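Going by the order they are written in, the chains are A, B, C, D and E; count residues from 1 in each one.
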């Protein structure tokens, strides 16, 4: 019984991590940009939900509206970031980490100045409140919703990358910018689209998080380290790996937490990941290269 | 087809190519020869727009493309095979061709087939990750990829480097066929003077980034002429 | 400082090579490369299988074969870059299973199909690093006071003396290849594995490089992978032909060139050999100065 | 080569001059600064020590370490533990353990009672941990972004671990309230001055060490490893060993910085060692110029100073300022402010021909995301 | 060795017998018609959410006092510093306020970590800190006045209330730091003495955002009530999860000691309505003093700004200092401390009395219930101010605690 409850808790935490990491698997995984402001894009998504609810009122309608709007808001922020800063830094990926960290600081402070330092509240719609009872098990509806949302996002992204030329183009540009240009692919356009989608996913994640936690200027900072770990452990640029890693991390955290404490669990999860990368330095799913070729 | 006048370009503030005039007539092959480090690759990169041109103009079929982004030039009919067996390493060989064919719809798919006919060995490798192919296989893939765009002007930087001899023959035969049909113009950088001069209508020898010598290809004395110019 | 306009033509200097190599020829006398039953597999795809190969000092060995035949993979296996089964020994040392840098310390050096030098470092620094793998830690912590003799010689040998303080990143393709060869020389490798060392060089430069390789080969164990048949004919002592991961033929240049199987998979129709098509490297005799 | 000609070599002469100037400025500070400002400066110098190490590991070696807080923290906590034990007297129990803990000193604290073993441990533990971790990670060829993210996770884990061990580490409170430093009363301004001078001396030594490492063959090798790790392997070096040395040296510098920070600031807490302070250490390095010798030091001191003084005037303004500075410098001036001077100089000389130019911009990233191999 | 490194700059050794406290010479300047005081709150960083409110109410108090003629006829001149939510910065800024700005007293701090960081600074420089937040007790510094509750004024009454309501088992949930851990130690001791079963004790790191596991544990433990010492953002995640898992105040009430009016909005009233809190002040306290305070605050900062316990304690702290100074007729620390005992003040929360011995103040405990209006309404009151007892010396069951 407890085991099943924990299993669900783990899956559900995994789906949250997955939502947070999915966009990163594009911007970090595919494009090599270490976007520390990803968490702040999530925050922007969450505040979008807050604003939408303020305008629309009805919690159900506003949630459904906020999801696409959060995507657009996150995406536009990403686009702006790409167009002003990132595009001049593709050849120095590690620097993007530092620049976007600066951006993250500024965005947090902007949120503080615009919405105030205290947390704000987004109400969950009635149809998401409470839990579904199965046997003695209570599965919170919000958690089920997020799980579903994560699956939808993964499938949509996988399809977009696999079934449309976009995916190929993104990977081509990342691997060899000059060659892509010289093959007739606009690397600027591709970069922007990729960054828009990746950041948009952060916005969606942010909207989803309003169902679970606090909505404040530091919302993103709580997730960013974990989200990067998921991408790294999954194998950079691998959606499949990201999904597996997120799930595994969620389960690990929840089971460790169950048998120890939340703090110890977090440390154990980190240690496990470091140990795991010893075994598979390129992450779960990795692309091989011919070393120097 | 292509007309360079007074092209000067380089890296940062260091100019490597100076004041180069060069034309590639429609349906003809123009060869650029030169020592290591003479600036041949640099010149081609400027033709593609991968390096900013600091002086002079690049005209493609009469249109001034000097300020155009590379991918726009490609859409106007240039295709480029860069030096050094470059590919999109993590894409499969098939995807390497598809990513280019995507922009061309049905024609892209047809030309993919045609390109693969030229390199039958590639057909069996289509599912493989391009980065794991052998050097020569990658180079074959690079030429195929360039052909898929259906270019009017093919820009080749030492295209047969690393390719096995019998395939080299086929590549040059194919180029001859295409140029002879008038459907393709070629700008070729080649160290094998033999090929270059044999197929070229004209050739230019680059020394320290400047055109030091021009000659007519094809004829009897052409090869000797080129070698003499190179020995400068 | 250096500027391209005045960039000197680089040229191989065999006299310098003499000074670099000529010291004690004797110490290499017993070196030979012995490959037995080598097999390399990539998730089910067998890139090299049952390869036996013996190369001795003084025998400038060329390794040819169609694209994808497994030549580079063979070199990768010998230098520890890919996992292989079978046996590779050099001198009396078994190389398989050792880590790359240990293999290098055992005297094995290689170049890469795509030139790879340290672009941020100057030509001199590149060579100095190559020369120093056996330096003691304390030496490493000291500043380089003057150019080691071997490095000076190597600079002259590959004709990069004038470019010694230029970052290697700005060298042209061929210059980088020469730099790599220079690095092999100062590295004091006894077994040199060169993957298409003359790709991208002009005819004249090929000649010079060939002469240099021959000079090195007279003393050390050298294996050259090359598709340029012209070059092969001029400099190879013996040739091994690979095809689909196996050794297809082995022998002198003439033997191999006239082997029908080699002609079939590699050189091309014999009709072309007769000279009708000057578009083939094998027939561009006119290119020889 | 005699000393005189060595001095005349432009690079060396300029460095020596800069070094001498820095030393003079540092030694003069106690005479012009109020005790409070001197204390602040001493604290900044401790942070600058971390920056010097990062300059070596990141600027030269390309190892973007987002977890220097761990080593800073190790040094700081080890020193703090020693000071706590020393304050408690022989066999005594630190005050916070009486309040929140079992009232007994845990076994792993005991080695820190002796001043000598405390100093040894402050140097050895971080070096050992860095070597172990570096060895494990580098031999498995974890690099670039992987390494950065991993080191960041390490900092996060370390902070959480410290917080969770309330009874033995003081938890979020950290350790504070030290009375004496190796027997010298910390309330005495004269002793504070002594601490300042120790910090200044240590910093100068570290700068000298990094300079020696950079100009040595090891420095060249480090750059080679940064650029083409695999190629280095084929020359017979073990790149992991090279990286481990740089990483461990950086760790020790961070630890010494941390150890001196404790008596000067009077406190160390998990807030000084986690993810945010770890990135904070990088700011000064990046802004000063990561690839230069004095850039990290000056950058770090300048940033600390700006943080203290700007936040006095505008609490939230500081965050905008910090963010903007970071964005502008890294995106538009990747060589840091140190390269700004160079740029100006070059612009003035722009007309002059034969200028080798901007190639080899030391600030470029060399460790691409591993899969992005230009196949 | 150190002396050699430090050239000749070697001062006193601890065992050298020199009197070090004399070195802390006060530089407070009271000669003019103004006197400086320092406000030290986190205006940036994670704690800014809470500490900004304290800062605001301190400013309000200072403004009122100045409008009323100042202290001993001298106008208050405020020096504000930002603690940046970091203990180290608090220590540094405290030092700056004392030695550089020469303030007569400092008001601020929130987290116990920040207080612990400042304590040695105030003691060694012999200056005064007024700390306005409820905390874990077990402390009493001659240089600090604690105007928030200590444990016997908040936690113990809350437990008394639960016992009164018939609670037989408790589940403890807290953030992983000193206040919750110490509070829970006290609760355990209390529970043992009162026959209450502690069925679970869980800690989450500060900022922890996923409470599904902890809520699972709470659910299956099925206690009579939950005692919540979570701090900050975690409360939002906890209550949302609690609610979503289908639990409410009716099934299993949660008593919180760190959720004030400010936080209710962020958690969402719908998630927390009907749950209990323990404090010494609510905005709804019905007294003329409070009406005046709330009105003044809203007039200054806007209608939508609630008032809360720490804000009130901070506001009160400034008035208490004023009273002490005026009684002592001096700004000197020693005089002020000597005058402190027995000072009373009619604070918005009711009458408070300074205890000169332990530097805490007597306060009335209030158990409140969160209403649909987002405000907290008193359910139960201790009626009388409770004497502060930071070491719980007056409670037998607490014997082994400190």
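The definition used in the following text is that a contact is a pair of C-beta atoms (placed from the backbone, for glycine too) under 8 Å apart; a residue touches a chain by one contact, two chains touch by 3 or more.
Keep in mind that this is a model prediction, so the values were computed, not measured.
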Winner on C-beta contact pairs when B-C is weighed against A-B: B-C
Furthest chain, CA centroid comparison against chain C: E
Chain D-chain E separation of Cα centroids, rounded to whole Å: 36
Distance between chain centroids, defined by C-alpha means - chain A, chain C (Å): 48
Separation of chain C from chain D, taking each centre as the mean of its C-alpha atoms, in whole Å: 44
Per-residue multi-chain contacts in chain E, two or more chains: 44, 176, 203, 205
Touching two or more other chains - residue numbers and ranges from chain C: 3, 112-114, 116, 170
Multi-partner residues of chain A (at least 2 other chains): 109, 112, 175-176, 237, 261, 263, 266, 287, 289-293
Complex contacts: residues of chain D adjacent to chain E: 30, 34-37, 39-40, 43, 98-100, 160, 163-164, 166, 171-174, 176-180, 182-185, 187-195, 197-198, 201, 265-269, 271-272, 308, 311-312, 315-316, 318-319
Complex interface listing, chain D residues touching chain C: 1, 212-213, 215-218, 220-221, 223-224, 226-228, 230-239, 353-356, 359-360, 362, 366
For the chain E and chain A complex, residues of the former touching the latter: 44, 46, 48-49, 52, 176, 202-205, 207-210, 212-214, 216-217, 219-220, 233, 235-237, 240-241, 243-246, 262-263, 265-271
In the complex, chain C residues that touch chain D: 1-3, 79, 99-102, 104-105, 109-110, 112, 116-121, 125-126, 128-130, 132-135, 139-145, 166-167, 169-170, 183, 187
Footprint of chain A on chain B - complex, ascending: 48-50, 69-72, 74-75, 80, 82, 86-91, 95-96, 98-100, 102-103, 129, 131-132, 135, 145-146, 149
